[in-house]
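Here it is: the structure, laid out below.
Per-chain residue numbering starts at 1, and chain names A, B and C are given in the order in which the chains are listed.
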Amino acid sequence: MGEFRMPSLGADMDEGTLVEWRVSVGDHVDRGDIVASVETDKSVIDVEVFETGTIQELLVEPGTRVAVGTALARIGDAAAEDEPSEPDVPAHTEPPEPAAPPEPVTSTPPAGSTPDAAPGEPIAPPVTPPTEAPAPAHPHVVVGEGPVRRHASLMRSPLVRHLAEQLHVDPDRLRGTGPGGRITRHDVEHAAATTRRASPRARRRGIELGIDVDDLTGTGVDGAVCERDVVAAASAAEPAAPAPAPSQAADGMRAAIARTMERSNREIPHYHLSATVDLNPLTEWLAEINAERPPAERILPAAAIMRACALAAAKVTDLNGEWRDGAAVTSKQVHLGVLVSLRSGGLIVPVIRDAHERSVEEMMTALTDVVERSRRGSLRSSELSGATITLSNLGDRGVDEVLGVIPPPQLAIVGVGKIAARPMVVDGAVVARDSAVFTLGADHRASDGRTGSRFLRQIESLLANPTRL
Amino acid sequence: MTTERLTYREALRAGLRDALADDERVFLMGEDIGAYGGCFAVTLGLWEEFGPERVRDSPLSESAFVGAGIGAALGGMRPVVEIMTVNFSLLALDQILNNAATLLHMSGGQFNVPLVIRMTTGAGRQLAAQHSHSLEAWYAHLPGLRIIAPSTVTDARTMLASALDDPDPVLIFEHGALFGLTDDVPVEPEPADLDHAAVRRAGDDVTVVSHGATLHTALAAAEQLAADGVSTEVIDLRTLRPLDRPTILASVARTGRLVVAEDGWRTGGIGAEIAAMAVDEAFWDLDAPVQRLGSAEVPIPYAAHLEQAALVGVDDIVDAVKRVAT
Amino acid sequence: MADDAMELLRLALRRVAPEVDLDDVDHDADLLDELDLDSMDFLTLVGELHQRSGVEIPEADYAQMGSVSAVVGYLQSRQG
């Protein structure tokens, strides 16, 4: 039995507003499932639950602003256990091991005992019967054998099934309004009456433009929704992100950033180092591979740079981790925070976990995904914490050098400036090479200049051989 | 480039004259095409110019002279057989399908049948039930044949030469209502491309596909629709077998709406094939149901007003387009 | 047609810069500056344009897409 509380989604978050519940009472949730959308100063975040169990009660109404730590919902186990954080709740039983060899063993022996085997016959492995069906914690949950559990919202009465078939409604797409989320006759009839017809082209465009065609009134043949209806709706629609009004969000976000910057400057003694890195091998390699690729598969220099940083951080671990209780806690696992600027102003720093294990291609995919979702406001809470090092890549079009401020409690921040052709000396001659200025801002309590320059030199040598990244 | 003003009829004649003059293997065969000059006056003057060995009047037996044409083609000649109208081709159907279209296959690729058959087709001239058929869609059902339909004076001028270049049988459908059509054509025209349809009018809101005389009905409808703010793309099939799928599908992919209009009956017409193709290959681009227009499902009437009512008219096309595009 | 290319750009832009109104920006100014796009945004835009129109846009051609006008011109010349 446990409570789901308002999480802290940022170093300086005190309060959050529950925007929407993504589960209902009676729903089973597994650890990691998204249960609610919470609005913070920075964005609307999808919050994951850390327990497995059943939602017993939703304690807070959507729209309410509460302090971090406030109980939002009660989650019960199906089993009468006391460890809510235990992922292997007994209700998740494995199916019993198949009763092994055929003859002569035909009956299930009691757990733990071994039948006498006939000489030469294999001993039947002890068949573990399922643990006792735990007492249901909620009257609408039916516990069955194995991992599949029947749930009220999956139950369909014969009337509902028959009606759905008759009215050409797919019950799996309905949200039931009956007890426990059960689908009722009314749900089916309502869906049949309100489903719009839409042309294949309209549906395709709807997907492309993020418009639900079922919400539109059609002006096409027989009142069907056609392409122009979708296009008209798309031009009339607000930008997709469910973010709060830009000025409010910016104010809240600015305040949050301000607090973080103050704390960083207050608590962390920074030192800065910089190195100009020859990126010609990288830009040449990327031009070569991108030439054969459609846009969706092209790789940006940022992805390779992220990979190099992650590998360097995994090696020079003094820069990879957190400052906790007066000491550096470092690790070989690199969770890379990536600074993403938002169009409405402000920054957000999603974390790419296990960055040291991702190839350049995988890094590109992760980066694209995380930037898109950052801008749309649909990052998950687990993606906003746990960074072991951060990368700021404003260099794109901006400045030559980025002197970063370490987001506490991390130990370092890497900055990369604009990639541009600059004169460099190669084999005694001055030539134009693509290059960028890499900077390191690091916590002097955890490392010193020697370590920092080792880190930068690592990145430099990794980027000199991009094909081996 | 010098042009001359020709009627469709004169263009056909010019094409035939060039064919006879350029290749001594070419000869013409058909009912009353020689001394009489052809019952639609297409071959007028050719018998006098080229003589009875090259412009041969045939007995009144389609099966016999189409068969003879097949034999001549097998023997290395390049016959252009005229069946007076498609209505009479029914008497030569066995020759056309089981011999001309199939000998290449049955001979294991040894015997091509480079035969060209010209036929007048279509309704609208009060020739009544037995003489008003448009069967090009029917013939387009048969593998082994190329089916073409010149709708413009230029195509009438140039398609024959390209048909003669084809080593396999080609059936040319000349719509009877077009013989008087006039246009300027180059004196030295380019050879016709027999593989592609032509976009006769570009548009964005709807694709209208047609051929033969109905093409002109479609173009007139497009003009009317433009006044109502609908931008119509009109495609002239030119070849019914093989259909130029890419051109049709590209247009439908853009406009999302398809209307097919033909002279023949709607059921199982060329529109049915094109509609199925659109639903199969351009499904996700369709913004409205596909429309097919064809003659009413009746034997074509003799009385003028009834005949007109049975055929696809400008208003029918306009209505169909408005149904799906507005 | 120029209108088509502009419309294509307008629709593709919704993905990366939904609040930008093409009528309000300088069509001849530097594209990235004027629309506030970074390299990721630009790549996403190129992807959208490619997907919607089928036009191949190799990396080598990025230099020809330096402004709204340049992009429209580029698309036009490759769409016909």
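Quick note on the criterion: contacts are C-beta pairs under 8 Å (C-beta built on N, C-alpha and C of every residue); 3 or more make two chains touch, one makes a residue touch a chain.
Keep in mind that this is a model prediction, so the values were computed, not measured.
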Checklist outcome for this item: Taking the mean of all protein C-alpha atoms as the centre, the chain whose own C-alpha mean lies closest is C
Next on the checklist: Per the definition of touch at the top, where is the C-beta contact count highest among chain pairs?
Outcome noted: A-C
Next on the checklist: Counting only Cα atoms for the centres, state how far chain B is from chain C in Å.
Outcome noted: 45
Checklist outcome for this item: Cα centroid separation, chain A vs chain B, in Å, comes to 62
Checklist entry - Could you state the distance in Å from the CA-based centre of chain A to that of chain C? => result 30
Checklist entry - Residues of chain B that touch two or more other chains: which are they? => result none
Next on the checklist: Per the contact definition, I'd like the list of chain A residues that touch chain B in the complex.
Outcome noted: 199-202, 204, 220-221, 224, 226-227
Item to check | Partner chain C, residues of chain A touching it in the complex | outcome: 208-209, 234, 239-240, 287, 290-291, 294-296, 298, 300-302, 341, 343-344, 367-368, 371-372, 396-397
Checklist outcome for this item: chain A partner, complex, touching residues on chain C are 11, 14, 17-19, 32-33, 36, 38-40, 43-44, 46-47, 49-52, 56-60
Checklist outcome for this item: Within their complex, chain B touches chain A through residues 256, 283-289, 323-324
